[in-house]
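Each of the next two complexes has chain A plus one more chain, namely chain B in the first and chain C in the second.
And now, the complex of A and B:
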């Protein structure tokens, strides 16, 4: 295992040490707890809090979006494992400014269960109002009739951005939750994996993909996809992913979209750009206008090779919320 | 070969199509030439031009730094191959605003030869004044007594940033060249590679590294390093790289530095942060203050695993030039 780490069991704690060493002027631990990261960016009085949580190994997701115009806090789990309900409750309390907290996170069993418990706790013990919006953008993870079973993947970044802007504008908890839900209703993701990744405490690849095979729709933890195919050209991959997205969420001629071509870890930026090129061609043929391109690594699986394509169908409100300035140590739309 | 591309021979052209599709509002091709990228950001009247050039496969280097407060142009070669002198000359002409052009690029044979020819051409034929500063930050590539033989690696990003700020301030050609040279005199890089990468037209790894081995000081094209070692812990890697840097460029107690922990392609951000954490510890022990951390992918070798550590020793002038705002589609210091 050629991972750059010390003891595998310290992987997450030492990553958190690195984040504080590098970015401690802008983010902080909650009372020194390496499993709860909070924003230090100034926030407007009474701003609705927005928090997330999830397993480690996906940087910049999740904690990379704690910032200004983005998230207020993130509870941090072990690699690919949900943090505890207690950490989530601690975080929610720390992020409430009296107007409530939106819990906005990927639709995974552990996160769902723990967040539900945490919300119950803070509502009962601390009288903090919460709302929950779960990210379910991964088209591959369940058919349309079972949309509620879908997993959350890179599309959550668009939801963080939109909800963060809505909260910064001063919307109330219901309004921020509605903005997040609207963003997600307008967002779909489809991905493809080409190589596995290594969970530090396991020490070897957690699944395998054939030498000349790719898995369409594989999850960011290696959850099985919908199909194993022979390796395809960049254009064929782009067409396939875009077809699946548009089959699930049609966008009419004249529509506007923001497209994210997200590298899962080991796929070079050059290749992401070749995919973006093809997507722009297809959009042009369809009479759809792309704007605010996100090409890079926004939600990864450590050193997994592969990529996902996320489409957000913009209307006037979503476009304005996407354009509002946002910044964190891992994300800024200043140059997007 | 699981590279996301169409025909290998179209890799660079299609990457350039992707760049224009995504960022055509901010960068442009010179008369449609997919091998010369120019900035579209507004520049002050009479600003000294800054250009670079180099082989493809290193994004964001080189062309990712064409932007505001950065470079005016970049000539683009095939993967790991220098662009032609003609492309460089075309670019220099396009980037001259009457006050001359700085050619700032990595110290590689092909680039040196072609840029020398290009400069001669534009000086003779177009009466354009040029100056050359070659980046030679890679400590591993030659011993101190042969510093002029050293290769340019990730440290060039700091030189682009500093020179770009100096040019935007209105300095003349000699002043911009002096700022770039000063940045480089204060900058050293040392890297380690853990896996090879695949040049598209070759189709297989261009060199090999043993299952449990890493190569200290390997170049970003797979040039041999100074030593093959057994895989080490993150802390041992950080210590080794930092020791080599400081042995070559001592920084006294009380000094200020900007440190770049640069992923070569496949190494996860989590691991780069673990390395940054150790570097911050060592700096703290030495009484050196780190600022403006650069942790991420700034100069890559496609899907190569590994990382480099660059240290820039700041004085008041370099700190101010580093802090001046700069932005491109691939880089911004807004959140650094």
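And now, the complex of A and C:
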């Protein structure tokens, strides 16, 4: 497998160097640390900080959402591995403006334990208030009765957007955390994968998908999905994913939604648009209004082929928070 | 009695054993995980041993805290973080002590294991490192009166038995959980790490 690399062990450092070379006017490293990225966009005095963290290999998640009306900071680890608690603690300290920091991240064992340690450290050593909201939007990863075990995937982008807008409005820490939680309570994701991804330091795929097969519900680190099927048409994929999402989170006739069709890394935007087209048809049949479409790559898994569909069920508050302007080097809702 | 020097020797021996078993642990983990177990354990224990070597500190609690922090910095994977949580739990129990006897070690180790259960939200029987560490902690407590080396030897036997028992368990945590029944018959990589820890500690204590 060909990968554009220098040395596999420098993958994350050199990617970080690239971000600074390209966007150093808008984001910066924390004291030169190539694992912690901070926003340079001006922020209102006393704005509640919002941070995230997770493994590398998912751009634009997580680093790409450090920006205006979004996140204040992001710590990353090696590919698919959590950063350390110390790096998270350093980041939380750098992002506190005296009104506390929301830790908003995907529900994975390593990230959970490290963030818990980091929050404990900053509360003890620096008296910084923190709150934690974990993203658990992946319907495929556990049945409804085990919702708390679900993984966080592309739906976290909606949570970043909503929480970022709430913080910029001047809400307090509890208010920002409540907005993030509300966004997530109204958001579900379901994905399919068609080819594996390669962790640079491993150098070969850690799992395989048959030539004419598609894996329903595969996780963004290659976690096994719920079933393997024969490859199907774009419309069949769209129907299947939307069915699974609505089975878990019904949306009433007349309801409003924002739908994200997210490419996992190797699926072209043309194909994502073909899927969105079908979703728009189905929504129209159901009497549901789609708005603020997100079609493109928002949360990837290296060179994995496949896509995920995320639905956010909007109410007035969520719609307003989604519409508030947000910009980062990787994301803007200006043209959405 | 064990002191800072014994702690350094023990950690160094664990690091050596993990480096020696790096490839074995990688292969064990690849069957239903992502294969980083051998890397994170050898990197983590090497960093912890280095942290102990680069300080004159004598307080066993402060030493374990330094080891735990260094471990987490070097290996923040799931099992790596669990390991550092355990070390930090031990650190709390050992704070203020420059020497410990077998009973104090048993007590500290038990607190480390309890901290892991609390923070990771897991318990023995779920095919994890706890299936080796928890019986080892019980053996340490039960044999503490016999002295350090006999207590560690009893813990080694208990940890090895515990690791072997994981072959009869279904994984419920982490990536392995998605494989459910397919994990039956396989020894858990984390539990093997638990066995190796006590193998190393017995070797270190026998020398000293």
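Please note the rule applied: the second predicted complex is superposed on the first by the 336 of 336 C-alpha atoms of A that agree within 3 Å, B and C clash if a C-alpha of one lies under 4 Å from a C-alpha of the other, contacts with A are read in each partner's own complex, and residues count from 1 in each chain.
Following the convention adopted for this analysis, contacts are C-beta pairs under 8 Å (C-beta built on N, C-alpha and C of every residue); 3 or more make two chains touch, one makes a residue touch a chain.
Just so it is clear, the model here is predicted, and its values are computed rather than measured.
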item	value
Partner chain(s) touched by A:247 [first = chain B, second = chain C, both, neither]	neither
Contacts of A:174 with chain B and chain C, given as first, second, both or neither	neither
Dominant toucher of chain A (residue count), chain B or chain C	B
First, second, both or neither for A:273, with chain B first and chain C second	first
Partner chain in contact with A:305 - chain B first, chain C second, else both or neither	first
Touched partner set for A:202, first chain B, second chain C, both or neither	second
Partner chain in contact with A:117 - chain B first, chain C second, else both or neither	second
First (chain B), second (chain C), both or neither touched by A:320	neither
Residues on chain A lying within both footprints (that of chain B and that of chain C)	none
Complex contact set, residues of chain C against chain A	30, 34-36, 69, 72-73, 76-78, 80-82, 84-85, 119-120, 173-175, 178-179
Sites on chain B touched by chain A in the complex	2-6, 11, 14-15, 17-19, 21-23, 56-57, 59-60, 67, 194-195, 212, 214, 231, 233-235, 237, 265-277, 279-281, 290, 293, 295, 297, 300, 302-303, 305, 307, 327-332, 334-335
In the complex, chain A residues that touch chain C	77, 80-86, 109-110, 113-114, 116-117, 199, 202, 206, 219, 221-224
